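Right, I'll just put the structure down here and ask away after.
As written, the chains take the letters A, B, C and D, and residue 1 is the first residue of each chain.
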Amino acid sequence: MGIIKKLPYYSEKVPGGSIVATQLEAVLNFAQAKSLWYLLFGTACCAIELMCTGASRYDFDRLGMIFRASPRQADLIIAAGTITKKMAPRLKRLYDQMAEPRYVLAMGGCTIKGGPFYYDSYSVEKGIDHIIPVDIYVPGCPPRPESLMEGCLHLQEKIKKQKLNNWQEK
Amino acid sequence: MGKLRTEEFIVNMGPHHPSTHGVCRLMLTMDGERVVNVEPYIGYLHRAIEKICENRTYPQCIPLMDRFEYVTAMSCDYAFSLAVEKLAQIEVPERAEYLRVIMLELNRIASHLLFYATTAMDIGAVTPFLYGFRERELIIDLFEMTCGQRLTYNYIRIGGVSRDILPEFVPKCREALNIIKGKLSDYQGLLNENPIWKARTKGIGVMSQELAVAYGVSGPNLRATGIKFDLRKDDPYSIYDHFDFDIPIGQNGDVFDRYLLRLREIEQAIKIIEQALDGIPEGEYKTKIPFRFKPPAGEVYSRIENSRGEMGLYILSDGSTKPVRVKARGSSYNHLQVLPEVAKDCLIADLVATFASFDIIMPEVDR
Amino acid sequence: MTKDELKDYIDTHYQDKMKFLDTGRFDLMYEVTKENLLEVSKALRDDENLKFDFLCNLGGADTREHFEVIYSIASVTKRLRLDFKVVFPYDQAEIESVQEIWPAANWYERETWELFGIQIKNHGNLKLFLLPDDWDQGYPMRKDWDAPDFIRMPEL
Amino acid sequence: MTPFILLELQPVFVWLYNLLKKIGLSGSWLTIVSYAGLSLIVFGLLSVVALFLVWWERKVSGHVQQRYGPMRNGWHGWYQTLMDGVKLLLKEDVKVVTRDKAVFFWAPIIAFVAAFVPYVVIPFGKGLIVADLNIGILYILAVTTFMVISLLMAGWGSHNKYALLGGMRSAAQVVSYEVPMVASILTVIVFSGSLSMVDIVNVQSGLFFNWFIFRLPFGPIAFMVYITAATAEANRTPFDIPEAEQELVAGYNVEYSGMKFAMFFLAEFINMFTVGAIATTLFLGGWHGVILPSWLWFFVKTLLVVFLLMLFRWTYPRLRVDQLMGFAWKFLIPVAFANLVLAGWMKYARWYW
């Protein structure tokens, strides 16, 4: 990992090295995009739709996405369901435990802006984007499995465009 | 040889753990593999639904009730509507009652299928998980056809239902029921006689009748201990007295009984729906309620039997458009409370099995 | 036992301790004073003809005038339902625990304490559990409660 | 020379050996270079096999569960696991601050090595064996035990209670199931009269009724005991308690990420293949078969056994830890030993064909 991060830097010094780096970048990003293992993180209603998406009719595995129970082995955290103020530190912690490169998909209205619990609720975090950085927002209450998969495809497109140099910041 | 000196240690299970179905946190005091003490910590999904309801008009509360217990959202809609109807003494047309019963029982099947899926998953069998979801999709399709949503329906409203069923609903429903009926034997064949499944579930997590009643355990978990108590028969609401169905009960109150009971309840639910489909009368599907709906001052606690047990709603009204207090009683609240008593001194695998068999769903606990 | 019979029974046997209220729209609603709470609860549970052994619900309420704690009880064997409530002013927000009678009351009382600030005597387990561990903003279910990041829904 | 003989790989290796000789290597250098080359070939082959098995497992699980499994990478997602592997290579290697440094570092490496080492003595085909040791099967039993040490190390080094529980569970489990496994293997050895893998295969030459699994009555029993015990050795459902997802999150590998996790993951699948390979060699007649070349027969049989293990995994619930131990000590071991005694007696009385 360390070497690969520095690769763009070293490749500048060799003639033609940047071409190699670009090609390598494309391959690595492709691999990353095609193999998004998601963390089993469901809190509320969206978790049921997340399970449905993993089940027979929609089948997340078609996209190469399988769930991992341990955050260390996951690439993507699908925040499915309301994040309360009590849960927020835990979400932050799970995100911190994940290995780079890591991505976040905010599923459902609650994770985007508090959803139906925006008004009058004393305990709901109004959007997870002030806890962890979010890559893709999938609106809905709860989103249909199709839209969740659409969100994942958009995330794959996004990953394919990323630069190796930016991995540190991501 | 003297007794081996061992040291207890504390394991924090959750709030994010594959087997806690959401965000329950269990603090386990463990002696090796043996769980000495369990202490549930809840509130990771406390969304203050009751507080929000106090600042919403009565019809506006129903979408929140969907999110109170999303696995059987229909029954929550219904519990709230029933409470308000009792409060304001609204008569509901008979067609609406039939539609409600069909939807409630379909939702019960969906919920029990989810139970089948997740319990099998927690005991280590992955494939039943997928099978349960496969048949659940058939029911979800019916709901989607009727009210356009897959999970949070907002279908049962005060005074009736939000819209009438489509003409093709009845044949589609019958078709889905026939498929599920056929698959039920598959489910049982996959697990019932499996020696590993029996070893993992028989005699595990036994709950006595006294304990169950004292802790307010209700629904299938209560019936698995052998008490024949079902609000559909014992405190009849809606039109359940028109139908002929049985209340299955268990004997030992262990994990296996709770599992089998739910599968048998699916059969009974299918029976009710078939009778209801035969007898849907023509007529209105809802009573008009005024736009600024104001029930009279007063209070009511109404309870219904949803797939997990007694779903109760206490509503205190002062005669304005908004309720003064809404207190939702979810049965999982009591089931989680009794868990430390049932799961005392068992292995960690048994704890997971017991937890799964209670069919606890966290939003009902945290609200 | 029908609802009317139950009302007659309670009115004859418990007339000095339970006061009938007409606010109950479906089931019977009684009022019990704070002092009589434990005694009445115990009697209702142990009465051979009633056997209210099942606590359905226990919840506080803030009516803007006073606090109430509403007990909804039922009988599994006799198939009966009954509600009763305890009413007390804001400055005397304290009540006896009914855990000994109905163990299920434990969490309900804890929640009532946590969200309304109604003290529960002899509870023994009054710890925060619904609210975050570092919660210091008071009792959110009270009607006059407010906090900086609490947004009220605008009136239509 | 029939065309089928051409498919046999042995001439290729002979030619390579002669080539090495021609370029001037001799004596111990020749031995070292040829063995190193063979090991590399086996290593490469097994890496491919492991990647294939991961993909196959996902496809099998998908089709058992009425879905497709990976579909987006090539034909039915054939290079899905390659993508997974590349991604895992790139993942950050999370190092827990509180870990036991050396133990945490070495655990996946030992697991990985322990998974590959048995293949030194496994005959992939007629004459296709790296080293035909005369204590072949004993060597396998000895080196596969390293696996449990690595799991225990992973559990200890991670400084995580779930991992520790997983490590302890796997240690208890593997040690218990070693006994019936050895007893069932001894049943074979009683008849083959040799510990060498090649000899064991040669004893079963001829048509399928010479295979050890069809030696009634003890053959099938020994095979079943072996498969059961080996499933437990490979930590597969219904004996997958060391990594029971619903109880211990991911068990011993809960703190591992990136390449180290990939090592555990591949080691698990290679172990599964080892189980199949040993079962093929001992019970299913090894490379023997008609028409097809011998190495193909070996792979077909092995993959069939692996497929059986996969079907187990996607059908059964998981046993509890005490039931698992009870099953090994109260049922499998008595059966295996009774079977061994029966086999020995029949051998003595020459009641076999």
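Details
Assume a contact is a pair of C-beta atoms (placed from the backbone, for glycine too) under 8 Å apart; a residue touches a chain by one contact, two chains touch by 3 or more.
This structure is a prediction, so every number in the text was calculated from the model and none was measured.
Comparing chain pairs B-D and B-C, the larger number of C-beta contacts belongs to B-C. Between the Cα centres of chain A and chain C there is a gap of 45 Å.
The distance from the centre of chain B to the centre of chain C, with each centre set as the mean of the Cα atoms, comes to 24 Å. Per-chain Cα centroids separate chain A from chain D by 35 Å.
Shared interface positions of chain B, i.e. residues touching 2 or more other chains, are given as 17-18, 43, 46, 48, 51, 54-56, 130-131, 134.
Residues of chain C found to touch two or more other chains are 130-132, 140, 152-153.
Annotation for chain D: residues 65-67, 245, 249 touch two or more other chains.
Chains touching one another form the pairs A-B, A-C, A-D, B-C, B-D. On chain B, the positions that touch chain D within their shared complex are 9, 11, 17-19, 33, 120-127, 130-131, 134, 190-191, 194, 196-197, 199-200, 347-350, 352. Of all residues in chain A, those touching chain C in their complex are 84-86, 118-120, 122-123, 126. By the touch rule above, chain A contacts chain D in their complex via residues 1, 4, 27-28, 30-32, 34-35, 55-57, 59, 61-64, 66, 68-70, 72-73, 75, 97, 99-101. Residues 61, 64-67, 161-162, 165, 169, 237-238, 240-241, 244-247, 249, 313-323 of chain D are the ones touching chain B in the complex.
Across the interface of their complex, chain A is touched by residues 130-133, 137, 140, 145, 147, 149-153 of chain C.
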